[in-house]
Each structure stands twice: as structure tokens, then as C-alpha cells.
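Naming follows writing order (A, B and C), and every chain is counted from residue 1.
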Amino acid sequence: MAKRKCMFRAVGTHEQHYGPKTVDSQAGRRNLGQTFHLVKTQSLRKEASVAFKDQFRDHPTLGFVDWVLRGVGQVVFQNNPISGAVILGGIFYNSWIYGAVSLLGTIISTLTALLFKADRGMVKDGLFGFNGALMAIALVAYTSKDFTHGDVPNGYLWLYIVLCAVFTSVLVPAFAALLGPHKVPGLTMPFVLATWFFLGALLQFTTIDVSNALKPTSPSDFTGPRPDYTWITWFHGITMGIAEIFFQDNWVTGVVILIAIAINTRIGALMALMGSALAVGTAVFYGAHDEAIRDGLFGYNAALTAMALGGFFLVLNLPGFLYTVIGVLVTARVWASIGIWLEPTGMPVLTSAFVFVTWLMLLAKPGFTVLIPVAPADATTPEENLQRHRKSQKR
Amino acid sequence: MAKRKCMFRAVGTHEQHYGPKTVDSQAGRRNLGQTFHLVKTQSLRKEASVAFKDQFRDHPTLGFVDWVLRGVGQVVFQNNPISGAVILGGIFYNSWIYGAVSLLGTIISTLTALLFKADRGMVKDGLFGFNGALMAIALVAYTSKDFTHGDVPNGYLWLYIVLCAVFTSVLVPAFAALLGPHKVPGLTMPFVLATWFFLGALLQFTTIDVSNALKPTSPSDFTGPRPDYTWITWFHGITMGIAEIFFQDNWVTGVVILIAIAINTRIGALMALMGSALAVGTAVFYGAHDEAIRDGLFGYNAALTAMALGGFFLVLNLPGFLYTVIGVLVTARVWASIGIWLEPTGMPVLTSAFVFVTWLMLLAKPGFTVLIPVAPADATTPEENLQRHRKSQKR
Amino acid sequence: MAKRKCMFRAVGTHEQHYGPKTVDSQAGRRNLGQTFHLVKTQSLRKEASVAFKDQFRDHPTLGFVDWVLRGVGQVVFQNNPISGAVILGGIFYNSWIYGAVSLLGTIISTLTALLFKADRGMVKDGLFGFNGALMAIALVAYTSKDFTHGDVPNGYLWLYIVLCAVFTSVLVPAFAALLGPHKVPGLTMPFVLATWFFLGALLQFTTIDVSNALKPTSPSDFTGPRPDYTWITWFHGITMGIAEIFFQDNWVTGVVILIAIAINTRIGALMALMGSALAVGTAVFYGAHDEAIRDGLFGYNAALTAMALGGFFLVLNLPGFLYTVIGVLVTARVWASIGIWLEPTGMPVLTSAFVFVTWLMLLAKPGFTVLIPVAPADATTPEENLQRHRKSQKR
């Protein structure tokens, strides 16, 4: 099974473009946990870890490592090198090949941004790295006989991945230019578009072969009796729904990624879990293929939408939560739909369902007065966004 | 036969965003018919009906019914509950199922806008309802063995339609955000996109089956002798071209819809008729499949383009009329083309041809100085738009 | 062989919108060659020819001929009637049919702009003509049994081309409206979109048949041994890569077009050559079908990207050159990819790969501070753009 894919996030934290935010949000971070009940009990440990997580961001030599790790973390919206390191560990646990290529993708993308002198604040926050990480895994996964662990790329593919990583870094400011005026982030669209472009081209080249996962078919309706779902459907569906964000067919990796998110934000981790679970619920309710659910294919886009809308780019008030649930339920359907639309070409959905639904629902925010948007440059964690909003209301 | 689809319109009348327009256009409505020759003879009756049509718009209890009926009317650009009621009658005449689901779609979409506190003026003008109306009919039509009258939906499908109606209401401000700066309305794109997304997903679910109308094929060229067209080709082609806007295979319904439009605007009705007729003329001239023409498939997008460009979003002067004819002729071809492009996926064209052509031709308006644009918020009827323009020139 | 395509360029030189630029750039033209080393030796001849090339632009009767010839030249970014005339000669050398229809397309598109009173400066610069030229050749090529020379169109097709040429002129300001705020030109998107729309529709009409070049297939991976490439692969690949911009299967025409470009700008001609060569290099390195390379299919999009990014819309400094090389390498892959994506529909790639990559890379320019953008209205030739930039830095 292989219609996979994944990932995200983009225009945040232009310090340069949006003015200095560090003072405010740094203060926000320090105070975090003192007023917000969910994390109240851990305020001391949290305060220490916050300080710890940012201490290498501006380091002259170790800074680059910090930015690359943040790049991995930004796939799931975590501007935190520790989260990135834990996720990377989870990927290496499943496959050293995927671990290595995702590192390569992140490094090349980040270097490209430095070479062309992109906004330094964005580079440091890992916002030029995460698309490269996902793209590199995707190109290896769809050219490997063994999708689960990946085959070692040949020399042609290594070079091909390098150029594609460069291109993803070009696409980051391109989508920022298009969506910036609407205060909507580019999300993982650079990864999706670059991978679609570079994956399709591989079919025309004899030096790199693609896997059977890219076999075109003609859409046909799934009829007949409802499959017999078991607890495995639910358990694997939900945990591998998280792991599939990084194309990993491994439920342990999914749990590790959840932990990595929780290190930085409990609400974010809850949202990811809820997104994946609601998507599995949708699939079970309407009767989807059991194998597709168990492979986590329904969940990964929905988990990302849940994190994006549930507290990150919208303050998590009650209408915001309802809006997030709608977004998650829609994303599960849109993933299924794009899969059908792409079948004649054989191309994978990747994280396109998440990107399209989240874009549309964020574009719509000025139309609904009960929603409280968070500008991409100010979005840090659901907890901090909520806290800052409450503060601003008290004044 | 079943490559069908349908419809439109969106960003109008934000009183809030574009300032209070009611005074002016209300005055315009009152004076309507006094200076404009086409309606001169009916000025008295018209004035009465205008007053009548708006009397429940702000009613505390009956207001919601008014907004829902306007929602049905807005599919064909008519901000008039009487037009909406007559259209609904025409749909019920053909099939009570389609009548019922289109009401449901309109109601849910309108309620969603109220729940998230969207602009009240837009809600009252039915601008959150019309996409839901069309989407609901579409989802039933493409899951029914009997396309003409529709099958009664099962419980799964009812719930599915409700979520999709909610989603269409999210898409209304999303497209308004994207196109608003260009003073271009979202038209029926929320309906088209939501239906494409939700229809495709159905193929992955065993609890709801899709009809043979969604069978994928490989595009092939239509060759051989020109079909023998008869007067039925023309008569059914033109009248069912109007009815197909609402997916109704019934020429009587088409005539009823034309009457419903004429109640609010004679020019609009003439434009719809002209659009459908020019599309049939194109198809006959170039030799299209007789069955496709008779089913009204060439006409429904062209009729909508004719109404949109012919007096509604552009003042109907001579260059505007010529521009409308070009738009209609192009739309007939674009409908045929999108049908071919979508064949491998099996998905229907819906009103996408109308939306794309009208969007592009309205985006182009600042480039052509002979065209006089009408901002979506000011567009009421071709007669009033023309009258206001003439007044503004006299000053 | 027939997955072909072609061409470009758009929003330049609105004198009206962007203020009077003629004085400055006229001066720029006069001074050209005095400071810039590449053309230093030819400064006198150049100065004369510049004066000569603009003498009919404002002529009361011969002006229209001048604008049409510039329209042909603008396909390869050359606002120069002599370049246009030489290119037209190269097309007529290969096929009088393609020469005639490209003239017709350019004339109808230009007349449409005059009829609807578009910006006169843009009309005079040929910016309404080039899309019509390419579209007309494309519609004939894909409806001819003989792709290389084209069949004489029947009456239905002539009329069909006329309407499509009108439509391309509507699309020019439409894309200008969308991309103008980003200072990104519409390029050949009007040609690509109009041709996709009008070509697809032909399959539904019996009076005009399409060629086998539009046969849909299912994507399949190219495997097996690397083809045996020869010097013909390189020579035909590069020269026909230039000729294919205009759909001409003739290497002599390719050389003539290169000369036509060099008449106006040496750097532009070098870029076109480099673009086509790098694309052939990519194809040979990764092992593409020999026939596709020799037909120039890899080169034509890459040559256009090279000209657009290499000095025309970006000042040609070292980072700009590196950025151009990246764009060219990406374009070669994206051409291959879009070909695969479109296979189920049978539709041709045209110049879509060039348009998408160049759009994205120009949208990204504000994000990279080492790049120096040239606004479409100021873009004349790489030499002049560079000279003006150097002047502005001296101040």
C-alpha cells in the first residue's frame, strides 16, 4: 500500500518583515504555564526546557545543527530542536535510510536559503528545511522496492534529490508571496509541488526506476459488504496516521512523533491524536478499505489539519475548536477524493489534502467573526497563542 | 447521459465591507422602470412587486425563510425570494427528492453562516445558500440510479450532505478573500470544489455507491458524419440548458426557471435564453453529439456566463454585449473541453466552465477601457445597473 | 512525435500604468554598447539598428505591421519588429501554412486589443499578439496528419482559430491583473490555457478531427538500457529545442530564430542556447528517450526559462546566473513531469513547464536579497537591464 505523503509549514516568523517579535513571544514563553491550566503543574520544568531549547539558535558553529533539527520539527509545526531530534530518532528507528535522506534534504534546503540570503530569522526557525526533509523521503520511498524501509539511492537519485531540495527552498518564498497578504502560510505546498514535479519526471528517465506504488489505475467504486474492522484498525490507523506524516510504516515511530510534539506543546499533541482518530472514525463509519485505514493513510492529512487549525493559526476557543473538527472531517474526505482524482496518473496524494483544506479554511477566517486568527509570524504553540490572546483581552 | 453540472454566485452585497448600499440601490429599485425602456410599460406593477419582495427580508421569524428562498434564487443571480420560490416549485415539479435536498442544502449552508457569525447582509441576500442547494442536488444525482428524478438518500448520504453544505459555506468567504481585491465574485466555485472533493471520496466508501454517470473513460475523438439534428435538438437543447443549471432533465422546469428569472429581470431572462441558444448553435454548427445537446449539457454553463457578463457584473452597453457573446461562445467550448479533460477521472464538469471563463473575463475588465464594471456589492439587476450608470454619467 | 509546445510573455511596458519609461530606456538604448563589453565593438551598427527598429512603431499606416511583427518577436521576449520578421521568415521556410496561421493569430489578437481599447503601449509592443501566434500554430499542428508542416485548415477550423485568438487577448489582462501586484508577467499562459481549452473541445466536434498526437495513454516507467546517443542527439536536440518554441520540426528554423534573437540581444541568444543545451544534457545524463530529445522536446521550455530569468526579468549578476541555471534544470524535469501527468488526457504540455517554473521563481524573488528583479514594464534586453542597474548603483 502506498498512496502516501506528507507535510508542512511555511511563512512564519519573518522577523524582518513582520517586525521584532522575539521580545514579546520570548516573554510569552518564559511566562508560559503560569496562567494556563493545562501546563500549570509543569511550569518549572517547562521554563528550563524552553531556555534550553533556544540556547543554540544563535550559536556561531552549532547554530546550523539547531536550524536543521528545527526544520525536521517544523514538519509538525514545532519550532524546537529537541522535538526535531526526537522525531529524527523515530525515523532512524524505522529506517536509517529515511533518517539519512531526510537529514540531507533538510540540510540542502537550509543551505540554499543561506546561499541566496533569505530572511535569517526564517532560516533559523527551520522554515526552509521541513519541505526538503519530506521531499527527500518521498523521492526515495517511491523509487524503492521496499516502501517501508526504503532502498539505498543510486548516484543519480542522490543528485536528483539535491536539485529538488534546492527547488523546495525557492518555492517557500514563492508561496509566501502569494499567500502572505492573506496572512496564510504556505504550509507543505513546496514539498507537495516539488515532489509531484520531480516524481513524474522520473518515469521518463531510465537511470532511476519508480516503484509499483506509482502504478496508474482507473477509478472504480468500492462496493460490497462493509469490511470487518478490529481494534488493530483503530490502533494502527491512529498511530500510523501520525507516522505517515513522515512516510513511516511503523506505529512505534508514530508514538515517538507524538511524544516529540508533546515535548513542545501538549495541546498540539492532543490535536494530532484527535485528527488521526476522527479520520479513522470517518473511514470506519463510511466503510473504507481496512488496509488503507491500518496503513494510516486516512489519518496523516487530518492530523496535520487538526494541528494547524486547532490552536496554531487560530486561537483555540470553542468556535475555533468546532471549526477544527469540521476541517478534520473534511480533510479525511478530501484525502480520499484526491486519491481518486490522481489514480489515472498514478501520482500520490502527499499532504495536498491538508494543504488545500487548511488554506481554504484559513483564507475564510476574515469572513467569520467568531474566529480569532493568529498571524503566521506570531504562531508559536496553541498554549502561547491562547495566553497572548487572553492577555490582550484583559487590557 | 450525465456529464452535468451547474452553477453560481457569491461575494455580493457585503454591506459591512463595502459600506451601506441599501439607500442608494433601494432608491434605484424604486425608480426602476421609469427611465429604462424595456420595462417602461410595467413600471407600476414592478414597483409594487419590488416592495413586496423585500418585505420579509428583515422579518424576525419569517426572515430565515426569505433568506433560504433568496439562496435558491441566487443560483441564477436573483436576489428575490419570489424568484427562488418559483424555481423551487419548478424543481419540485420534476422531483420532490431534488426539491427537498436542495432546500436542505440551502438551509444548512445558511445556518452555518449564522453559527460562525458571517456578514449578516450577505446571509440575508442568500449568498451563503446557493452553493449548498446545488451541491445537495449534485450529490444525490450522482449517487442515484435514476439521474432524472433522484433516489431517496440513505442515512449515510444525508449526513454526508450536511457536512458538505457546511463546507460550502466555509468556501464562500475563502474565495471572497482571494478574489475580492479584484472585485470579482466567487460565483459557484464553492459548490464546484466541494462537490468535486466530496464526490470523489464516495468511491472509497462502501456505504454509499455512486452511479454509472461517474464512470471513467479514455478521451476519444468524435468523428464520422454530422448527426441529424431536428427541432427537438434546438428546443430541448435550449430549455433543458436552463433546467440543467439545477441538474433537472425536464424542459418544463427550464421554462419555469426562465419565468422565475423574468419576474426579477427581463434582461437577465433574455440573456439566459441567448446563452443557452448560442451554445446549442455552436454545438450544431461544429457537429456535437445530438444527445448531449438535447440533454441541455452545452447550454447550462453558457446561460450562466451570459447572465453574469450580460448586464450583471458589467454594464450592458454595446461593447459589454459583444464581450458577453464572446464569453458565451468560449464557455460552450470550455464546457466541452473540461468534459474531455475529466474523462479519465470520471468526474463531472458541474459549472466549472462558467466559473473559469467568467472569472477570467471579469479579471480582464480593468484592461479594456470600453467595459464598465459593476462591483459585486452593487450588482442588482442588469436594468438597475444600467440605470445607475446612466444617472452617474448625467451628473 | 508530438508532445510539443510553446510560448510567451506578457505584462511589460504599460506606459500608461507604470508611467512614461520611453525617455529613459530610449536613452538606455542609445547608450547601449558604450559601456557594456559584450557589445562594445558593435556599438555604432547597433545604435543605427535600434533607431531603425523603432521608426515604424508610431507610424499611422505601417504601425500595425510593426506591432504584428513585434508580436511574433515577443514569443521569445524580443520587442523588435526585425527579430519578428526574421522569425516569421524561419517559420515560412519550414511551412507556409504555419507562417500564415501564426500571422493570422497575431493579427486577430492585436485587433481584439484595439477593439476593446486596451493599453495602446502594450499593443504597440506586440504584447497582445504573441499568444495568438502560438495558439494558431498549435491548433493547426494538433489537427494535422502532418505535424511537421501542417495541413491546410478547413473553414470550421479557421473560424475556431479566430475565436480562440480573441480569447487569448482577453486572457492577457486577466493574468496581468492576477500577477501584476507581484510584478510577475503573465508569460505565455494565455496561449497555454486557451489552447488547452480549445483543443480539448475539438474531440467533441465531428467537423474538425484531431491528430494522433493527442492520443491518451497510461503513464508507464521508461526502463531498460540507456539509449545510444549520438552527436545528432545533441545537435538536433539543441537547435530543434529552439525551433519547437514555435512547434517547428526543423533545425534550420531553430538557427534562424537564434539569429533573430541575437539581432536584438546577444545575451538573450546565448541564454536560449544554454537553456536548450542544459536540458539536452539533463536528458542525456538521466537517460531519456532519444527520439524525444532529438525532437527538441526537452529544450524548448528550458530555453524560454533561460531567457526569462537570465537577464530579462532579473539582472544578470552571478547569483542571478546561478538562479537561472537552477531554473533551467528544474524546467527540463518539469516538462518531463507534466508530460506524464497529462498522458491520461492526451493533451500536450505546450509551454506550461516554462510558465509554472518561471512564475514560481519570479514570485520568490523578494525572498532572496541577492537577486535584483527587473519589473516587467522596464525589462527590455539583458544588456540594457544590466546597464541601467549599474548606472543606478553609481549614483
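Throughout what follows, a residue touches a chain if its C-beta (ideal position, glycine included) is under 8 Å from a C-beta of that chain, and two chains touch if they have at least 3 such contacts.
The structure presented is a predicted model; accordingly, all values stated were derived computationally and were not measured.
Rotation relating chain A to chain B, from a C-alpha superposition: 120°, rounded in steps of 5. Taken over every residue number at the interface, the positions common to chain B and chain C amount to under half, indicating a different-residue contact.
Our note on geometry: chain B versus chain C, Cα centroid distance of 38 Å, whole angstroms.
Of all residues in chain B, those touching 2 or more other chains are 344, listed in ascending order.
Chain contact summary for the complex, chain B toward chain C: residues 182, 218-227, 285-289, 292, 319, 323, 326, 329-330, 333-341, 343-344, 360-361, 363-371. Residue ranges on chain A touching chain C, taken from their complex, read 116-119, 156, 160, 163, 166-167, 170-178, 196-210, 214, 216, 344-347.
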